[in-house]
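Structures are listed in the sections that come next.
In the two assemblies presented below, chain A is common to both, partnered first by chain B and then by chain C.
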Partner chain A sequence: MIEIRLFATFRENRKKIDYIDSNQVEKALDIVNYYGIDPEDVAICLINGFHSKLTDSIKDGDVVALFPPVGGG
Partner chain B sequence: MKTSYNGKVARINLTTREVKVEALDMDLATKFVGGRGLGTAMLYNEGIATVEPLSEANKLIYATGPLTGTASPTAGRYMVVTKSPLTGMIASSNSGGIWGAKLKYAGWDALIVEGKASSPVYINIEDEKIEILPADQYAGMLSETVDEELKKVHEKCSVLNIGPAGEHQSLLAAIMNDKDRAAGRSGVGAVMGSKNLKAITVTASRNVIEPHDADKLREAMTDCLAKIKANGVTSGGLPTYGTAVLVNIINNTGSFPTRNWQESYFDKADDTSGETLVEKHLVKNSYCHRCPIGCGRVVNLNGKVVGGPEYEPLWAYGGNCGVNDLNAIDEANFWCNEYGLDAISTPCTIAAAMELYQRGYIKEEECDGVPLVWGSAEAIVTWTKWMGEGKNALAKLMADGSYRLCEHYGHPEYSMSVKKQEMPAYDARGIQGIGITYATSNRGGCHVRGYLISPEILGLPEQLDRTTVEGKAKWAMIFQDLTAVIDSLGLCLFSSFALGAPEYAALLNAGTGTNYTAEELLVLGERIYNIERLFNKAAGMKPEDDRLPKRLIEEPITDGPSKGMTSQIQVTLPQYYEARGWVEAFPTPETLTRLGLEEKY
Partner chain C sequence: MRYSRQTIMECIGDKGQKRLSNAKVAVIGAGGLGCFVLNELALAGVGYIRIIEDDNVSLTNLNRQFIYKESDISNSKVKVAVNYLRERNGLVELDGVEERLTEANATELLKNIDIVVDCVDNVETRMVVNDYCVDKDIPLVEAAVNGLHGFVMAIRKNYPCLRCIGYENTKLKGVNEAIGAAVGIVASIEALEVIKIIVGMNELLYGNMLMIDCNDYSIEKVPLRLSDECRRH
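Right, the complex of A and B next:
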């Protein structure tokens, strides 16, 4: 299983946390597409807490967190 | 020459009750810009570095920037500059709202307040008129009440004031303005309290500052506004979720200090996140003067509409105290505003007290029936009020910050502070660059003196690897220098998510008639950073004051995504000094000469 965590506007009309069978996806990009998120809108993609590219591959047990552009201080 | 400076400073002596109008020293303004830079240079030149911070000899400078009050985006800010009673070094605390712009509209670039009144007073400014009036009837009043009462007397004024915490000279006391905006850090409110100065009201008949070149300013502004609008952070993330949106991001990188930095991942963080705040409590956004971003939160607190918490208090009362009750955090934050307490250092001190309690150093009988246990919503609300009131012996100790508290119990190592000021909401073990900012910040533990979270976490202006140290020293220096300029211009740091040195140079040049390039602007920032360092040196700072708490170096993060990491500050600090042209924490004569500061050596 892959754990997907969605934040900020990505949560609108979607779950906050979801799970996908790891056989269904190879890369973070597959997840983004699965949820109908425009890849251009993804500002931060964390795989297991580390910044990653959407083209990075994912494996069973990974946690993928997706954020649109956000900031603060 | 027409310029966006007023060219006028008021020197107000509370001992002699004398008010003197002085011309702004334009050479000094050209060298140090305004706000933070100019205020520090003035304070240094007045010989304040060596005085006792809470004595009559200390001075308070309220300084606007050359762009404060102009049509530039976020141009509503001012800086309080003084010698900090918390750190014993330079304090420069920034605030928004509209008070700073009103001071500028009233015709002043800065106020220098000196001496000490024999009984509580406030200063009333109506354009060129400045008077010192009795404030006995406002003594002990909470912040919002003072604001409302003074507005009954001076109908159209904007109010800056201290709450009871400042009157008690709590070293965590903030200066509040426009009800819930705060110059929060380094105990500046205690200095006001030590002078018996409760408030400063300002009324101005103007509402605009004419720049040197109106066409050029319009052009620069149009460019800046377009960039702010096109930027996902300043047009989307910040207005929608406020700074609080960081709760989930930082937590998901495992760099969210939890239970006084014993851990760095809080499993209940989402309960206190920006997303949850919007869903459950948000009434509307609030905007500082001339701000197109509007990151401020207005929340519903048990039926009362009040200023809401930013990221820092959400973290400090939340994960750092192990609390996931959002309503309690809203309330504790509200009491910080009402008593006039720093909403970072206050909850961080409660977190340190919770660790002392956990380890058995603070005893239950000292807690007046509200034990300092992790996760207690009652504790964060009650102890905040008690610190604001100075209610019991322990609350009085806590009101002077975590360092003095932990030292009192014989364990200063549990104070998560730098230069005795509490560090904010990013674990420097999981995010290497921000540790350089913390260690070398001239005002002690602070994130907004070189916000490396921007490149290390948010990917702005480019994504850096948060776990590595390469190149971070140089990044820290550039961020520190650019921030020093923004703080001196009178603009909000958050504009820098969308704008950079070229845009700020264009605004400044249009405002004052200068001709700075982006590179020259950074040199101004470097000069400001160095004069602050010289102030600290004169104040008795030692090289070992540029240090992080032992925990960050010796105790690896215990769990979560950044498990096993420690700060590599021992690697980055020498690189940083080299980049700055400093030896053992202080500028060399060559560096000072290069920056035109040779006469200060």
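Right, the complex of A and C next:
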């Protein structure tokens, strides 16, 4: 299983924490598409806490965290 | 007497209060986050506060930037903020700098500062502040807010920074959403982190991104890792 953690506005109409079968996805981008998130809207993607690109591959047991832009002061 | 309600806290005490009064803090940005942070730090007795901001007060600030009044519109935020804070705590030395922080002036504007607090509203300045503090190993407390969501981080040389999480690629779209009640929550945590670092408390945010969700009122620490691709680590 892959654990998906969505933050801030990505949570709207979605779960905060979700799980996807690792056979269903190869890259972080597949997860973004699965949730109907525009890849352009992903400001930060962390895989197991490490900064990652959406094109990076993911494996069983990974935790993928996705953040939209948050930058106001 | 002024600080007695906080010095009776075991985690602060007279020793912590002394550390606060000896601390030199720079607050960059006196907007939404900045107003709350400046107020909390001045009232808590931080001895020296440098306020770095080049903006003037505008009408759209007034839903959250409580330091400024209608009659302050078009006036320098730094000047108004210094006067406001001086009236609230005359023991604090206030230094207003009416400039925008850039790579070129960072060394000059942040000279002799113990802790930097970032309250700006743009990625470019955040990266300048991030790079300066990581390079010089000066504790940096970062926070940002958009609508009902915000984050707070504490950064130092040996802990993950904004570049470690790829924050420089963040593209902010349109006008930032902001309501004072939510901005204040994020800013109060940012100010508290500054106070905890100065006093020397435990449970700091180094190595984590604290995500604050004012929609469902949840708050969680996201552990971060140093990145090989970070230009500063």
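Throughout what follows, the second predicted complex is superposed on the first by the 70 of 73 C-alpha atoms of A that agree within 3 Å, B and C clash if a C-alpha of one lies under 4 Å from a C-alpha of the other, contacts with A are read in each partner's own complex, and residues count from 1 in each chain.
As a convention for this text, a contact is a pair of C-beta atoms (placed from the backbone, for glycine too) under 8 Å apart; a residue touches a chain by one contact, two chains touch by 3 or more.
Only a predicted model underlies this, so the values are computations on that prediction, with no experimental measurement involved.
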(request) Applying the touch criterion given at the start, work out whether A:Gly61 contacts chain B, chain C, both or neither, answering first, second, both or neither. (result) neither
(request) Answer with first, second, both or neither: which of chain B and chain C does A:Gly49 touch in the superposed model? (result) both
(request) Would you check which partner chain A:Ala8 touches, where first means chain B only, second means chain C only, and both and neither mean what they say? (result) both
(request) Quick one: classify A:Pro39 as touching chain B (first), chain C (second), both or neither. (result) neither
(request) Could you look at A:Pro69 and tell me whether it touches chain B, chain C, both or neither (first, second, both, neither)? (result) both
(request) Using the superposition described at the top, list the residues of chain A that contact chain B and also contact chain C. (result) 5, 7-9, 11, 16, 43-44, 46, 48-51, 65, 69-73
(request) Using the touch rule from the top, collect the residues of chain C that touch chain A in their complex. (result) 29, 31-34, 119-123, 126, 144-147, 149-151, 164-167, 169-173, 176-178, 211, 213, 215-216, 218, 222-225, 227, 229-230
(request) Write out the stretch or stretches of chain A touching chain B in their complex. (result) 5, 7-9, 11, 16, 43-44, 46, 48-51, 65, 67-73
(request) In the complex, go through chain B and note every residue touching chain A. (result) 231-234, 236-238, 240-246, 248-249, 252-254, 270, 274-275, 295, 310-311, 447-448, 451, 453-454, 457-460, 463, 465-467, 493-494, 497, 560-562
(message) Which residues of chain A touch chain C once you look at their complex with the stated criterion?
(response) 5, 7-9, 11, 16, 40, 43-46, 48-51, 65, 69-73
